[in-house]
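Written out below as structure tokens is the structure these notes cover.
Labels run A, B, C, D and E following the written order; every chain starts at residue 1.
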Amino acid sequence: MSLLQVENLMVDYLTPDGALRAVDGVSFELKRGEILGLVGESGSGKSTAAMAAMRILGPPALITGGEVLFDGRDVLRMSAEQLRRWHWREISIVMQSALNALNPVLTMQEHFLDTIAAHRPELSNAEMLTRAAELLKMVDIDPRHLNSYPHELSGGMRQRVVIALALTLNPPLLIMDEPTTALDVVVEREILKRVLQLQKEMGFAILFITHDLSLLLEFATRLGVLYAGRLVAIGPTEIFRQGGIHPYTQGLLQAVPQLRGKREAFKSIPGSPPSLKKPPNGCRFHPRCPLVEERCRKEQPVLKHVQHGHQVACHVRT
Amino acid sequence: MNRSIEYLLRRLGFYALAAWVAITLNFLIPRMMPGDPAQIMFARFKGEMSPSAIAALRETFGITDAPIWQQYFTYLRHLLSGDMGVSVSNFPEPVVSVIATGLSWSIFLAGSALIISFILGTSLGALAAWRRGGLLDSIAPPLLALLGAFPYFWMAMLALFIFGFGLGWFPLWHAYPEGTSPGLNLPFILGAFYHAALPAATMIIASLGGWMLAMRNTMVGILGSDYITYARARGLAPRRVLIRYAARNALLPNITGFGMALGFVLGGALLTEIIFSYPGQGYLLIQAVRAQDYPLMQGLFLTITLAVLGANWLVDIVTLMLDPRTRR
Amino acid sequence: KQNETKARPGVLTVAQEQQSSWVRNFHPFLPMGVARWGTSAGIYEPLMIFNRMTGEYVPWLATSYVWRGNAEALVFTIREGVLWSDGEPFTAADVVYTFNLLKENPALDTGGLWDYLSSVELDEEGRVVMVFSRPYSPGLMSLAQLPIVPRHVWSKLKDPITFTNPNPVATGPFTEVLSFESQVYELGRNPLYWKEGYPKVEALRFPAFPTNEQVTLALINGELDWAGSFVPAIDRIFVAKDPEHHGYWFPAVAGSVYLYPSQWVKAFHDVRVRKALSLALDREMINRVAMYNYTRLPEPAGLSDGYAKWRHPDIKPVDGWVHFDPAAASRLLDEAGYRRSGKTGMRTGPDGDPMSFEISVIAGWSDWVRACQVMARNLQAVGIDAKVKAYDFTGWFEKVQRGEFELSIGWADDGPTPYRVFRGIMATETVKPFGDNTYVNWHRFGNQEADDLLARFERTVEFSEQRKIAWRLQEIYIEDAPAIPIFLNPSWGEYNTRRFVGWPTAENPYVRLSTNHPPEPLIVMTRLYPAPDSASAQKGDTQ
Amino acid sequence: MADKLLDIQHLGVHFAIGGLFDKSTLRAVHDVHFSVDRGDIVALVGESGSGKSTIAKLICRLEKPTSGKILLDGKDVLETEPHAAGKEYRKRVQMIFQYPFGSLNPVHTVAYHLSRPLQLHQIIRSNDLRPRILQLLETVGLRPAEDFIDKFPHSLSGGQRQRVAIARALATEPDLICADEPTSMLDVSIRMDILRLLTDLRKEQQTAFIFVTHDLAAARQLADRILVLYAGQLVEEATSDDLIADPKHPYAQLLLAAAPQQGGSLDTPLPAKPGAPKNVDPQPGCAFAERCSQAMDVCRQQTPGWTWMENKRRVRCYLYGDTRADEETTK
Amino acid sequence: MNPALLFKQMLANRKARAGMIIFGLFVLVSLVGPWLVQDPTAFTAVPHQSPSWEHWFGTTGQGQDVFAQTIVGTRVTLAVGCATGFLVVLLGAVIGGIAGYLGGRTDDLLSLLINVFLVMPGLPLMVVLAAWLPPGPMTILSVLVLTGWAWNARVLRAQTLSLAQRDFVLAAKVSGESTLRIVTAEILPNMLSLMTSSFIGATIYAIGAQVGLEFLGLGDISKVTWGTNLYWASNDSALLLGSWWTFVPTGFCIALLGFGLTLINFGVDEIANPQLATESRWARKLKNRATADGSTPVVAGGVR
């Protein structure tokens, strides 16, 4: 049984000018210990999907359809208290804006204590402190920083703290929403290495969200590609390394500049992603698609298996 | 820690400068205005005074024809030794001792009103933001805004006549009951609170809306911030999120506002004191104005300013304790 | 329903001086309103009290006075058997000391006594002889009413000017400071008081009331026994509340309030214009709008009932120009060449100048502002474009003292005789150049004959002679119309007979009821006695 | 060199930071010199806070240098116009900013943004304004231009905004454009479009570019030469191919190792210790020494100077020679 | 944001619209009111008369028509209020703008000045100043401006400071725009909603302070304004005499005007920061579904 199963998830934002569907029928599953990457451009609904599945998106977001099962439990029917208990013990998140995720007026120690106490009230203060120090060491931070305030730490350090916080209760699933985009390449590398190392040691699963496809290619087990609120392709990373099947995936892969090899002309996908307020009919990618056919303009494609567990939503390629 | 001390010292330096500006302003205002201060001061004697008596009094009041800078230094020297001159309308009482009787009452009244109003207002604001669009959030802000739009003194007058004069629930004047003697005794303390209740209540009602709205608005911003979502995601209890994460951060900008409001509320308190015959600075001030008691007027302005500056410094200390970022 | 503790039986509660809190100061020579009121109304006593109501001097610490020569010296016989409140005997030496104290400390001589005094000494018979530097009969009142202080206390002071005299030693009926707090203080009876069996009041109690409004509230609630403040619609809100006990009496025996036309304005050089201004004023309306009908219209010469015995017998109320006759006013203006013109209907002078004037008034003095507003309307009705301009006290006072105003409302100098009234209104001696400060005669009007008359007045102590002079002055005044009387200044006074009786009233006018004119209240205090049923009333009150 | 357009000599900016008790200086940019030829594309790479943007701002005269010279066509512009740049300079040197959402004024239309430089520099008579704006929009690939000209920024997507910003920079027909991370805030699928636009412009209009980026791959694709910056100092300059193929300076090596690349470098350790550059109250010595795995004693004592290599390549590191910076600057 | 757009958005905002209607009514009254009512200073009627057909709001202690006084009093009060608001924002924008844009020493100095004036308690200073100066609306105006500019300068400086660092300002600089043009054409238009709310805030403050000063008798009491109306009401012991009608209408007018202005400010705030809206459509829709604990609400079937 898969750890997390998201089935046909629909998430709306209620805006003053009507509802806006940010996630439209997204389905994916995640097994224990696996790393699933979600890519997509800005605004494609990656964070919305992940956070709605975890149910930490407040209004005006609204889940209007679908199903989320965690270890067989129906997340969408959980009460507030059930949610509270589920969070962090079994699923934790490193948010996109991790740099702003820490309360500016609390020290690191208070963050850890608050978190532990919320789930393990039986622990003594000293035990909690020991655990906090241990966690910091795990992400290569000197435990003396327990007494530091967020503004006293560099961006990279804060990011590590947030990761350590996510691991506080050893959850089987960790959502990492662009954990490193705000950071320098060098720091990004260092942190990623650490996370992967920990993942190997502790065996938690990761839902890794980013718009940097080339990064995911390096370590994800499987990859999903979101475009304008819809999942257009999902499957083992290998297929993506080979160039992908969906025209959008292919475009994305070609648009990444190469460090090695020949310097070639810049390849890009013409046009820009659609606005979710007025998405195009049919396949949402069709205005930018080089392979566009008549049917793409009218009919919405659904995910279909093509090869080796790889699914794409494309009329032309399936 | 070093940084904190530096911060406090820097603020202290600023207040010293502000105090100097106030002191200088205080010196300059009467001298920039048309007319001879002595003339004005003795005008009230309606000519019964002989010129020699006036000359003698001028000397007593320290009005000289010395060059202005010399007067200024004399003035500064006197101030430093706690001498603000002699009150004309309470001659020969020094201004300092006239003011002393009222200052503590003013601080008591305005201070308690301000603190209650601030605590109540920010709590209401925090709750309104926490339950966005709820009953409290939709009714309280416009209602309190309407109440706050009434002039302080107008509310005070109405309250005095309805609850004091009409219904007789509250005393009509003074700061403590006759027959009790000021000090640490229960009848006096209870009486003092009883006497302050109505004036304080009008001030609280008039200023509550401002605090509530300010808190609500910052709180709404804070609630949308990432560390709130993150705190909730970590499964913290809602109360903890509300108090430790949301309210505590939203409070910070409002505490700065608290400092700013001190002067304003004290001003409103002056009007309220006048209505309620509360023996504070406000009544003294208006009395000084009516009696053309310029030394007293200046002394009052100066002490009020210094009190506000001092209170602001306390606010700075509180901010420092609450917001680690100021220790940067 | 009331919550304040009440005064103990036998304690008289007085509202006087509007203060938010009391400052302990019982220095008798500081200008009025600076020391606590009780200083000159209960604690210290003068040689004699001029009773404005009767126009007589009431012997007090002195038993009599005589003039020497033509107002060249004044001799007081001092009362025997008076003790200071500390038990020391009061003697004429104390009187001499007091006067010389003022000589040595000009700052204390706020009445300017030593302008005309040359020495104060004892004669062989133990009387006090005050020798004048020039004959000056009007000096009597100030000299007679000076509070007398004990030499054995005051001579030991280092600085008598800044002395706050917290525990006064005096001869008056109330010399004990029983308690003194910022909100209330009490003065207790002087057991050694020289008037046998008096006072019958145990103590005086003074709560601090900052405004008229508070005093009014306290009066209505029956918390006050005596007050001297303005109360609006007094019959309705005060008397009607307890008609049996609440009473007031506002006799208008002091001076008048005047409208001054400054000689700075050319049009006001013409006596017809000045009279026309006066005839245009509807004093009834002014009284109603500004004064709640509390006062009376002035006599033709502007002298109040306090000067009744000085009034010219041949001048009838309709004589002259102190009544409302807009038609006559218009006639006079037409005659003087100020005719209505053009669209606005306002008058212009012979040389084409429009008749447009500003009436200056003190911003905070609301009764005056109201009066001016009515006057402006009255003047507009006869074609004079008058506008009210309110200045703060300082600005107004500077302006009027320099004479650089057009029309202004204002007070007049007054005293026991009409001398000061007319001196301040029409003596050439008091006319200063425009731009110079002067305390009287702001409008700068002088009449040579009046000068001579006033000089003669100073030199005579004979009443019949003085009265003749006063009559002539009144004739001149009515001829010249130098200043326009508007209404008589009432003396405010309210009382409550629930606890104390014996108040002066219109029926028993032994002195003014007002608390505002020390030392006159001394007369009242030594006549009051507890109401027969006050004990029971007191009980009923505290429930 | 005849077509040397811009010459930067010993440029530095030091900021005073801190308060009463601990004053310190922050060396945002220190002793930077390089030159840009006409039609040249020079990439500035380095980690966050290394001073890339500051250099771009210095060149565009948005920041005042505390030392050094800026020569445009051999003329020292800081000498002739010490306080603010003159019209001529403004016309010739333009800038493109990182945040497409912030670089356009929300109250003005696209037309306004483009017309201002045209009017200011009197490039065109007012009748021809609109056609010229349309033309500019076409140049940057906003077609049909008529659809965009009257729009307000909020109705444009990020890529479109960045194009408008580029069009504005192009309006004055400048010789040099400083582009400060022009694509980092854009979506992956449109980044390449913008980069292609820049190369096209260089080809067509002989505009030189200073391209600020932290993306080595993009720098390599676009630029002729790459300058590597660490803690406000240049540490290496080479042609892009040389640098990618064989970085000399340990920091350049670190940068390259950290760049994502297929095949996965996540298993190999990075060739340096973690840490942050020290540019507050800098001590003598190489700023990178603390993190450098090959650091020698001399590295911590004295700042290294330039070592020149073939192909106009230079590196500031003792591993390649023993040049001291102090000697060089005193020279 | 250009003025027309802001105005359109204000019209669209429920609160701002209501506020503007109230404010507009008062402006209208202040413009034409004095011609519609009898002379407010005429002593025509019996004093202390309760409201009747002849005198809608009754009469004062002097027999003047309270309705006429209330109507006529609107003019000076509103004029002084708005003029103060305008001048205060102008002064604040100039000083705050210069400080924020120029930065450096100038900013340090001006900020110091601003902060000093900010901590100075306003009303006592006002009282002292007003006691020295000749009474009248001009005095009140200048005293209010003097004591009130700092707050706006502070707010506008902060805004200028953040705008001056924005890329579009730098871009304008790079284009070669002059400082003046940058401030007027690039920065100021972006502060329009802030300046509007500053203006309104300052006007509210000015009306309150003005009424307070006049109530204390520090104004020109021969003029008819709301403040002097209250002064006279208190002077005539209106409440003691039971003549509440001389006191209550003016108080309500002040409150209503203040409330109207506050509503406009609520609206402007919501326009500038849509997060703040209390009763947005989604809030109403979500009212029953919203989860107070901040978790994502779930609904089957969607909301379209």
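We adopt the following convention: a contact is a pair of C-beta atoms (placed from the backbone, for glycine too) under 8 Å apart; a residue touches a chain by one contact, two chains touch by 3 or more.
Predicted model, so just to flag it, every value in this text is computed and none were measured.
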Chains touching both chain A and chain C, listed by label: B, E
Selected pair, greater C-beta contact count between B-E and C-E: B-E
Label of the chain whose CA centroid is most distant from the centroid of chain A: C
Distance from chain B to chain A - Cα centre to Cα centre, in angstrom: 53
Intercentroid distance (Cα basis), chain D paired with chain C, Å: 88
Rounded Å distance between chain A and chain D, as computed from the means of their C-alpha atoms: 32
Centre-to-centre distance between chain C and chain B (centres being mean Cα positions), rounded to whole Å: 39
Contacts with 2+ other chains: residues of chain B: 165, 229, 232, 274, 290, 292
Chain D: positions in contact with at least two other chains: none
Chain C: positions in contact with at least two other chains: 217, 364, 394-395
Sites on chain A touched by chain E in the complex: 10-12, 14-16, 18-19, 51-52, 55-65, 76-77, 80, 83-84
Of all residues in chain D, those that touch chain A in their complex: 47-48, 157-160, 187-193, 195-196, 199, 214-218, 220-221, 241, 244, 254-266, 270, 272, 274, 276
Chain E - residues contacting chain C, complex: 41-43, 47-48, 61-63, 131-136, 217-222, 231-232, 234-237, 240-241
In the complex, chain A residues that touch chain B: 51, 54, 56-58, 83-89, 92-93, 95, 97, 100-107, 114-115, 118-119, 149, 151-152, 165
Chain C - residues contacting chain E, complex: 212-213, 216-217, 220, 231-233, 236-237, 285, 288-290, 361, 363-364, 366, 369-370, 372-374, 377, 388-392, 394-395
